[in-house]
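Both complexes below contain subunit A, partnered by subunit B and then by subunit C.
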Partner chain A sequence: MSSAIPTNPEQDALLRAGIDRSLRHPVMFFMTSGAAWLAVSILLGIVSSAKVHSPEFMAGCSWLTYGRVFPAHINAFIYGWGFQVAFAVIIWMTARLSRKECTASGLILTAGHIWNLGVSLGLVGIFAGFSTGMPWMEFPSFVWPVLLVSYFAIVIWSFIQFRVRPEGHVYISQWYILGAMVWFPWIFITANTLLHCLPGHPVMAAGINAWYKSALIFLFFTPVALGTAYYLAPKVTGRPVFSYSLAKLGFWSLAIIAPWAGMQKLAGAPIPYFLPYLGAAATVLLFIPMIAAAINLLRTMLASPEILSGSPSLRFTVAGIGGLIILAFSAVFLNLPDSTLPLTQFSMSSYGFEILALYGFFSFVMFGAVYFIVPRVTRREWLSRRLIKMHFLLSVYGVIVVALVALYGGLEQGKSQEDWQQPWQASATAYPYAVATTIAWCFILFSNVFFFLHLTLMWLRLGRRSSHPTLLAASHGHAVSPHGEDGDIDNAGPGYVSAH
Partner chain B sequence: MSLTNQKPDLEDSINVTEAHGRVVREAAACARENRIVDNGIGHISLWSLVVCGIVAFIAGGVYFGSGAELFAYNTSFRPGYVRKPPGGAEDSGPVPKEALAAYMAKGSKIYSAKCNGCHGADAKGNGSTFPALAGGIWPNGETERFAMIILNGLEGPVDDGKTYGIMPPQGIGMAPEDLAGIMTYVRNNFGNTKGDVVTTEMAKAAIEMSAARKNAGKSVTGAELTADHMKNLPGEKMDPKMMLDPITLAPAKAP
Partner chain C sequence: MSLRTFILGLSASFGIAWLAIIVVPFIKMRDLAPVQLTEAADGTTGIFFPKRSGRVADGAQIYAENGCYLCHTQVVRPTYAGNDLYRADWGGLKADPDRGDTRRETNAYDFFGEKFAQIGVSRMGPDLSNLGRRVESIYAVGKDPSQWLYAHLYNPRQEPQRWKSTCPSFRFLFTERKITGNSSDDALPFGRHGNKELIPDSDAKALVSYLLSLKKDQPVPASMNFGPPKKKG
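Moving on, here comes the complex of A and B:
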């Protein structure tokens, strides 16, 4: 079916521009509302973290008690930001990689609004006190079918595009994205039916819940982020992915290992004895897919340092892969029975691990994708290099503090919890770590408010009209104006400068 | 794929200027993109295989070292398990309590098990069949008389001439600590403020005395109480502020 693929680079560029145009509104809707939820979630994160070290903060407000703000924070992050930005990336990348325009953007947009409605109702339910009390599933139980149905309405078109794509190569990105699209309904339906429709023994329910959290990270957010990174790295640098065999190793080991992880949260609980240790061993083994993908992507991206210094997408992606490497080592380090595993059970370190995965890895790669996709779907360039740099630096500082303080402060906290002669209060609060977390969330909030504004301006098509990308550093060492060098504009044809 | 269109200006069907203009106007960002279809053939380096091997080894240790016993309930549920105190710290047992509080804590449990049903949670009784213990003369009076009623039960008219219901004996299987606890509890609660402790030693004497009664095994009557038991139990008085072990009621070791 080579006739379907225009061989002329200009026609090819127009085809891709047509695909981008067909998806402009759904993609921008998911990204912008996702960024808004991200800001909301971080605000709630600040409130809940502040309540840990100063409990009298906003104590008069019953709907802002810790038991409601904290679940609202993490659920807004996951279902408000994480899923929506993943939808944007999934629908855009599958359309691009299948080389098909999207014909259902109105339906996707509608389903996206229903998803947002579900998230809003769920959060109102949490604030009103109707939380289910199951971590990451706190939305009242009427919400999950709404989310599931709108999920299918959003991604089914990407399946269809994949089915009808012109014959040919299936890209590495497509393996991961298709995997994530299939695995998410599996884990979501399993966890929700087992916990809401067929409730069994409550201890086992806690185990299923822990499995759901782990599976959501490693079978949805991780493959989406890796698929995106495997798209961006060769696309922006212009180099092929470093090693195809390493990519295969990374994908299949993830697919095989990740479903077993999660139950280590219940080590020592009265469930069949092998389950927590199986979960711990699987989480340790997840080092392999994570490090395989990280090596592969870094070998691809770091080979072009001059592009890396200029491209916002690549800079965020590299930072995200850095987060992935820390995550991989933490997965090994936090799951050693009789040394670290007992310390993670009731301490902040599992929160640190989750934030590292969700923000330090997943969100950074997603920011990279946003900086890549938005100029294409809006046909405007990013307004300000400085806003992008601020977003990057504040986010990096913030997430390093949140994740590492919670991760390793959590281990210290666990140690003091094990010392049964200490009063519980002292170790439960972990005062200095909680203060550091609050300050770091403030940094992240600051960076993401600017990100949200920048993105909104882009959606309103107030970006720069130019054929030159907004780069973080001048290429070739000498300063150029954001509009390119003098007399340069008309020369910007196919293949003139590499993509950013 | 044919490559004939790679030189569009040689083909009449395309208006080069127009096409180029469209690309610049509408697809500048797309036109900048690279299209990469080939895959790298880099090898998986030896050191990364070694690192992954080490991690797999650790994971094997995690699973086979701890979890391989499948359903090993004997491992996770050790009968009679007592948690070891961590090194360097000595297990000093439960925190000592003042004598009065320690006895009352014991007594409150016995009260809710044995007395609550008739005399009520507030110990006011019901005025007809069940007399009030709150402010009652007998609970607040001589301890021997009070102990005999608890141990043996009570029937018939009492000394104010009233006849309440028949109280069944409560002493069967009652340990001296329990009797001491319940008496101290009633005498210092429900508005009663005697402020003294009925010690285990006194309660032990009461149980022996009760077993040695003339009509042992039968309930006491008002007349018998007035005749034989109008005195306090023998035994050394205890300072209500003395620190005791709350479980054994023995004097606590100095910390």
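Moving on, here comes the complex of A and C:
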């Protein structure tokens, strides 16, 4: 099989260009529609957060009541943005790492449209009042088979590519991506059949739902983001991964610990006592895989400070790994039974934790991947360094405010909830935090509207035709153009009709 | 490592947890045996069966569709997991006029008639495990409890002491209609303008019926009662 691996750099470049071209439309479709859903989700996040401090804001309309806008916000985020950008990264990265062109891009595109249709129907269902009332599974129950079938139609090709790849070393990113590809359907089918199809005990159903939320974060979004970061870090810096055994430790500890986590949200509810406590213990122990991966990746990336200051991909990835470190510490500090768990169980800390995981960690790494992948599949460079910088700064400020306010405001809120000698009304302290959250979501929305426009222009192939990537810092002392160096025009790209 | 070993490793690490905390507890909980009452300890025989009346199934659906679970919980945690039981009116009533202190923790039989226990995700508002009891004995003393709930759902900030409430208004569950003949018994007291009145829709009726069914303070069998001996009223 080894004869299939091109040995000279020119053939290798051609192979990579061929892979990129074969996946151009699916990848750009998932990224762009994901970014559009992200903007929608953030808009809904602003509306729902505004309703917490000003309950009469857009009140009186059934479609826009808090109890429907909030689930729509979080479901659009997860299934609209999170999954779609994950698909883009999964199909591109497995093709590159398996060194196989994609032969099913039409099918993947079709399946992607069906996925989007499912998400749209689900959201209309939530707005129209057909929500199931199960957190993160609020889509009406006819939606999940649609999502599942399109999921298989999208990722099965990546699995096949992995099977038929040239023999050789399996890189850590492939482990994480394969893990995510196997874990997600298992979790999704389990939760949906047990909750929608089989009659069970109502409290156990709530427990399975809590487990589903945690499993989705730690067994789908986390491995996808870590696999991507392990791909980007060595690729952009040109250095090997700091410690490969640490990477393996991180992977297997995640695989062993994460399936047990989640049910701590039901501490004190009438389910078998060991379930919430195992959940709390596992969530605390998740510190190990998170910190192992974070240290490993940071040691790899921070070894090249000059590349870090210039590369948008690396800067977003480092910020995402920063989010991972905060997430790892929060997993410990927010889930200690007998001390912080009773305070965070029913306060806004859970929302802060989820947003930190989904935006502060996962989305940042995904932005890094988008800034890396798009110039390769479109053969155009990013238009504007300023747009990227703005996206980065506003996102960072925004997510720090949303996550930290909710995490630690939630602790305060929990303390006053637990103070049973005070009347209940005294513990309704969400007001200042909700105002801060609304403003922060506005920042994030602003940054992501520009991200979406930038991405759309790139898909239309209106990017810069240059062989110099758009870097965040000019490589010379004196500034060139605000958009980076002009460089040579790339006339060799596939699809270009040669003048000769 | 071959793909087969890898998939086996994944299946083992995930599968053990999956069996231990999802599949087996699901099957066990599904066939939860009823608790027998004994003459010696409980003073009666038979099984423990907390009865609920009202439109539990429909109402729970309205509760779910409108996202009440985002801000309200339905679990009174035992004292090892939180301070809910100390509150005077959450786990029951501290001083029920007939039965004395009726406070108790939530048990697995309390969700009879519901498909999904709305344990809830946060407490922007109070716990609702005993909302029906609270409305009848505290909020709407001497009034019609469903009338009080209709008015509260229509405008949660109407009572002066509730001006800070952040509960959304559920005006969309009510309809304004012309009075023909007698006015409706359910009409909102403040919704009358000329010959028009505000009446709750079928959804609002189901929801209120469900909320009034939330009275999880029945005495539990001695075998399930972990509370200290309580003063009789």
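Just so we're on the same page, the second predicted complex is superposed on the first by the 468 of 500 C-alpha atoms of A that agree within 3 Å, B and C clash if a C-alpha of one lies under 4 Å from a C-alpha of the other, contacts with A are read in each partner's own complex, and residues count from 1 in each chain.
To be clear about the criterion, a residue touches a chain if its C-beta (ideal position, glycine included) is under 8 Å from a C-beta of that chain, and two chains touch if they have at least 3 such contacts.
Quick caveat, the model's predicted, so the values are computed rather than measured.
K.L.:
Touching A:272 in the superposition: subunit B (first), subunit C (second), both, neither?
P.N.:
In the superposition, A:272 contacts both subunit B and subunit C.
K.L.:
With the two complexes superposed on chain A, say which partner A:390 touches: subunit B (first), subunit C (second), both, or neither.
P.N.:
neither
K.L.:
Name the contact category of A:190: first (subunit B only), second (subunit C only), both, or neither.
P.N.:
Second partner only.
K.L.:
Please work out whether A:148 is in contact with subunit B alone, subunit C alone, both, or neither, and reply first, second, both or neither.
P.N.:
neither
K.L.:
Please work out whether A:156 is in contact with subunit B alone, subunit C alone, both, or neither, and reply first, second, both or neither.
P.N.:
Neither subunit B nor subunit C is touched by A:156.
K.L.:
Touching A:295 in the superposition: subunit B (first), subunit C (second), both, neither?
P.N.:
It touches subunit B, and subunit C stays clear.
K.L.:
Touch test for A:335: subunit B only (first), subunit C only (second), both, or neither?
P.N.:
A:335 contacts subunit B only, not subunit C.
K.L.:
Have a look at where A:240 lands relative to subunit B and subunit C in the superposition and call it first, second, both or neither.
P.N.:
first
K.L.:
Once the two structures are superposed, pull the subunit A residues common to the subunit B and subunit C interfaces.
P.N.:
The answer is residues 268, 270, 272, 275-276, 278, 337-338, 418-421 of subunit A.
K.L.:
Touching residues of subunit A toward subunit C in the complex: what are they?
P.N.:
Spelled out, the residues of subunit A in touch with subunit C are 51-53, 55-56, 59-62, 65-68, 70-71, 129-135, 162-163, 170, 175, 178-179, 182-183, 186, 190, 194-195, 199-209, 211, 219, 252, 255-256, 259-260, 263, 265-272, 275-276, 278-279, 337-338, 341-342, 345-348, 350-351, 417-421, 424-425, 427-428, 430-431.
K.L.:
So in the complex, which bits of subunit C are touching subunit A?
P.N.:
Against subunit A, subunit C makes touches at 1, 3, 6-7, 9-10, 13-14, 16-18, 21-22, 25-26, 28-30, 32, 60-61, 63-71, 73, 75, 77-78, 80-84, 86-87, 105-108, 110-111, 114-124, 126, 156-157, 161-162, 164-173.
K.L.:
Which residues, counting only subunit A, touch subunit B once they are in their complex?
P.N.:
The contact residues of subunit A facing subunit B are 2, 5-14, 16-17, 20, 169, 172, 234-247, 249, 268, 270, 272-278, 280-282, 284-285, 287-288, 291-292, 295, 299-300, 332, 335-338, 375-376, 379, 381, 418-421, 466-467, 469, 490, 492-500.
K.L.:
Residue numbers of subunit B touching subunit A in their complex, please.
P.N.:
Going through subunit B, the ones touching subunit A are 1-6, 8, 14, 19-20, 22-24, 26-45, 48, 51-52, 55-56, 58-60, 62-63, 65-73, 75-77, 83, 86, 89.
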